[in-house]
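Below: one structure in structure tokens.
Should a chain be cited, it is by its letter among A, B, C, D, E and F, assigned in written order, with residues numbered from 1 in that chain.
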């Protein structure tokens, strides 16, 4: 019975402490993130400049677009193959890690990229 | 001269086979089966199973004085070096970015630790001592090294079953979580889409975050300093980008070597009579309680947040607050997609999951503090 | 104030140069030459040579208290940790498939251990004590870590010469074996082609094999548990395919680091007066006896199998039963091809060789058991 | 003399034990392998089906067979080169290991692939 | 029962925050800033900063008995294992070829150690004891592991500030050296082009060189045996080309792991009251003296050689004799190119730099000998 | 004062020892290098033979020089890219190490490759 009481006290105190500590962290993070913002000059001021037009692709004579594409595809396929084969030591990020999946993540974000503060349903 | 007694001595291996040792070897085969064939955290369960098998062979010299398994135990379990080294590697592989983009998720991590304390109470009711109950409760941190660290300090004789329970259930997260998540939420709640902020996290913030967390947590809960310090050291090394060689060494060479040694040493603590007691079954049972209560508390708390934010929080991400990094976040995304294929919750779930990782460590430190302060 | 005696003290290095130390440094240069220029197992002989050189420099602080070489010795030789860790790596690189395809080859491994016991008797006749004789005999296991493990337990003061003999002769296997193989077989025997089975070995069998061997050998010869356990642990990790990171760490990072430390520490035991005794020469001589007798016994036993199977076994593969994995198998294939270029014995030789590896470990355990039981 | 006797006893006992243990292992292996066989359904039942015909290679216009071959050769050569240059960490199997040599081993087997039980001389 | 005193105990972390610990944490943040943002030797300064931060958190369990940082300290600093292991890796990455092509450069290395002794005298004048003064002087070796090794033996309580000073200033070499080099040389001296020999260095010479240096230095200055022995062991492994696996392990896995552990352990020695004394400032000041005097002595000695060789030696390469391998050589090349873009001094500077590396180790051994012989 | 005297003595003795030891090493090196020379037979005796003419490049029909060049460039660019991306474990030598820089070093040497002993200014 005494043990049970102790257990309840521990739970109360423990969860209280865990919540307080994480709430404190939330507060600190919010402050830190707010302080961090000004250091980045607003990149949108004046609106984005139009990107320079991509240069037209130049092919050497005798090497048409198809061949170039074939070379490119072969090289890319080989690169992907090498990457798959490679020992873990070769990868900057582990397969399945967040960073490795950045393109998928990016795609998912693009679908839902709405401001957090603006009304959204 | 070799006498007739020698022959008897030669057969002493066979004559020391006991029922307990046979049962334990059978159990080690089960662990190996779970690890190899079922794919339950093989990196831990294979070495644990092997260590258990080798320690239970008759008269095993590996656990005698100067035996290799005992040497490994003294090298890194007794002084808690191994779990802390693994934490450096985990920190180097953890991305706190999603949490920084949405700091309010931090609270979800706190809710996901409720199972620790419920399990502690349940263990007390089953007759465990206070340190034992706290060690069993820490299974609810749902974080391997934290469980090993805390139970290694409070109840080293339970290290084996607690570690096995922690890692086994952790690999069962994709099976344990979905029913709880579905049972506690309505379809409309599961359909909630959560928008993303435009917030860009600067490198400076990413570098300051681990330092800040270490200083704050370490000052307020000194017992958590080793755990949080090593986790954040690994993260600092990664985010700084200045010491790639050390980051790689922590996440690969050191982590792999230590994982092997750790598993073997923990397996070697599971020896015969000491292990084969009803309490081991009780621990396995309490472990599943810990997981369940954690998940429920996380989801329910997320439902509260959902109300408070007027429906902007999908309660499913609460289940990611239990830790079990990074599986839980993926489970959340999967369950959400079952309802709405285009719902992209992963980054929010990752944030909650990273919060759960930090909260688990904090809870471990708090538990140690409570035991050290008033419990022992 | 620096007095005149200081100058004397400064020259104390020079004044402590002894004849023994000069001879030992010369010997270490021979070891380095054999390793680097002759390519005799450089991975071991270079560190051993370097350790021997550094330990024999006058007043070397490296072997004083807290000196690095002594620290390494205490870290992994005194408690036998290093040879066992190397065994995990060897297991991870060994393929027991050829043995599983043809299990009868197992017996060839047993025959190849005869040299251990003949050498033991020869050593006794030369006046060595029983533990010393057993340690010298274990050179006949023709397996580095087994030799280090057994002699480290029975006669640590002979660790240096025994290890040097074991590794030096092992690299001489391509020179030692062929004359013995040719002398004991007829041309028609060497021409025997051995057919291959169609048997496919399932993954299940490959996984069960290391577990089964560990349990059987460990139960019957507990002294062999560490050796066979670690060898089979490495193999289990490889065959399971579930823990690639740990397998790679065992076979690369751990194995490389431990090999360097092991070599340095063993080299540091070869110090002056203790090493420069006639018995060292005797050990080198007995080592070559061990290799020769092993090879002869293996070939002769394979000839018996040849008779029993009515000519279906090529006696050459008996020479692969001595262990010396995997060089011996290649030597067998080479000698067979000299007679018949299209004779493809390699896989059979590999099977015998893997059997020899297991048998060496078993013999090491049996020897320890006999010494522990009736010999000490 | 007593030592010699002890040595002989040790030899007898030691070799006896080694042989018995390995014979026991032989027995266990044989049993294990026999138990293992039934689990594999005979793959030959009904005879092998004819492999589907390889699809005819399609070349994009302007990229004939020669160019394709050149691209392929360049890619393969580069891959082999990379493999050779790669640090040991990149290799699944060590050079010289049995598995690495599997093609040669395969060739040797093909020459001699006769059943073990059928009469062969 | 949890009483009211428990709440007080829970806050004991906060109540143990002292002014010293806050200052030390601030200092650790400075170290992290220098390492991460300024790029000052981040491989060392980041772990040192982290170790310092973690050790100064209130009641840090990491430096309590069996605490991880103390375990690491005992594992490799107390017995000097870590700096010696790092030396193997440095040796494996050092190319003594440029020195072998031009052996006369050896003397430039000797001149670059003058700062050690000048600093020793300055430290004595500031009131340090003799072992402390010698430890501070060894900053002038401008070689991290040598500083750690020598000061770890003579004055372990100063290990922290000495290591920090050594590595910080080392990363400032590109800023410290050029003004000294330019101030002490004339434009015409800086324009001197140094021709290259046609001498080809055979593999035999490259292999014999590390052995020869070990034997000669080890015999004459036994105190230098560990340092020079490990440096040359690494070089021997590299040049032999026979043990690539061990060379790679030394230069990568072992070096990375040990660097991390070493930094953390050294950082953990910088605790509160012990560190925050005026003497720490004095050490930082004396360290810069050591660097300056070293560089001056090197350049001035090279000017003497320039006279003796009738203008064939460019005095700039004297600055490379201070060690700081391999940054100093690059700085020399850069300064030379500022005057004459086509002047290619790099290989000569590399030779002087390698000589400085050897001379630093020799000077460390000599200093230990003088302290051991007449100074303690 | 006594300390200062001791410091001066240490300096004298220390620098003396360091210089003597390195001078000794210089002597030994010089002897060793002189002993090493004869073992190399003079490679210039008879003058260097003219290098065999490079074989004329052969192109398969339909694959002209331009295409070959494109394939080569793609492969080389990919290889360089892989090398840059690769983890440290892949590099034989560390970036910035002497050996990695060998081409630049070679170029620099070529500019100044004059005998050390011959007069040079």
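By definition in this document, a residue touches a chain if its C-beta (ideal position, glycine included) is under 8 Å from a C-beta of that chain, and two chains touch if they have at least 3 such contacts.
Predicted model only: the values in this text are computed from it and were never measured.
Participant: Same or different: at the subunit B/subunit C interface, is the fraction of residue numbers used by both copies above or below half?
Facilitator: different
Participant: If you average the Cα atoms per chain, which one ends up farthest from subunit E?
Facilitator: D
Participant: Which chain maximises the distance between its CA centroid and that of subunit A?
Facilitator: The most remote chain is C.
Participant: Averaging only over C-alpha atoms, locate the centres of subunit A and subunit F and give their separation in whole Å.
Facilitator: That gives a centre separation of 43 Å.
Participant: Taking each chain's centre as its mean C-alpha position, how far apart are subunit B and subunit F in Å?
Facilitator: Here the centre of subunit F sits 51 Å away from the centre of subunit B.
Participant: Considering subunit B alone, which of its residues make contact with at least two other chains?
Facilitator: Expected reply: 1-2, 6, 10, 220-221, 245, 248, 252-253, 370, 375.
Participant: What residues in subunit A touch two or more of the other chains?
Facilitator: Touching at least two other chains: 6, 10, 13, 17, 67, 71, 75, 78, 82, 87-90.
Participant: Touching subunit C in the complex: which residues of subunit E?
Facilitator: 78-81, 84, 88, 207, 211, 214-215, 218-223, 225-226, 229-230, 233, 236-237, 240, 242-243, 245-246, 248-250, 253-254, 369-370, 372-375
Participant: Residues of subunit D touching subunit C in their complex?
Facilitator: Result: residues 3-4, 6-8, 10-11, 13-15, 17-19, 21-26, 28-30, 32-33, 36, 39-40, 88-89, 94, 97-99, 105, 108-109, 111-116, 120-121 of subunit D touch subunit C.
Participant: Note which residues of subunit B are touching subunit A in the complex, please.
Facilitator: Going through subunit B, the ones touching subunit A are 93, 95, 97-98, 100, 102-104, 106-107, 109-110, 113-114, 116-118, 120-121, 124-125, 130, 133-134, 193-202, 204-205, 208-209, 212-213, 216-217, 220-221, 252, 311-312, 326, 342, 344, 346-347, 350, 355, 358-359, 362-363, 366-367, 370, 375.
Participant: Touching subunit F in the complex: which residues of subunit D?
Facilitator: Result: residues 64, 66-67, 69-71, 74-75, 78, 82, 85-87, 89-90 of subunit D touch subunit F.
Participant: If you look only at subunit B, which of its residues touch subunit C in the complex?
Facilitator: Where subunit B meets subunit C, its residues are 1-3, 5-6, 9-10, 12-14, 16-17, 25, 29, 32, 35-36, 39, 42-43, 46-47, 50, 53-54, 57-62, 66-68, 71, 252-253, 256-257, 259-260.
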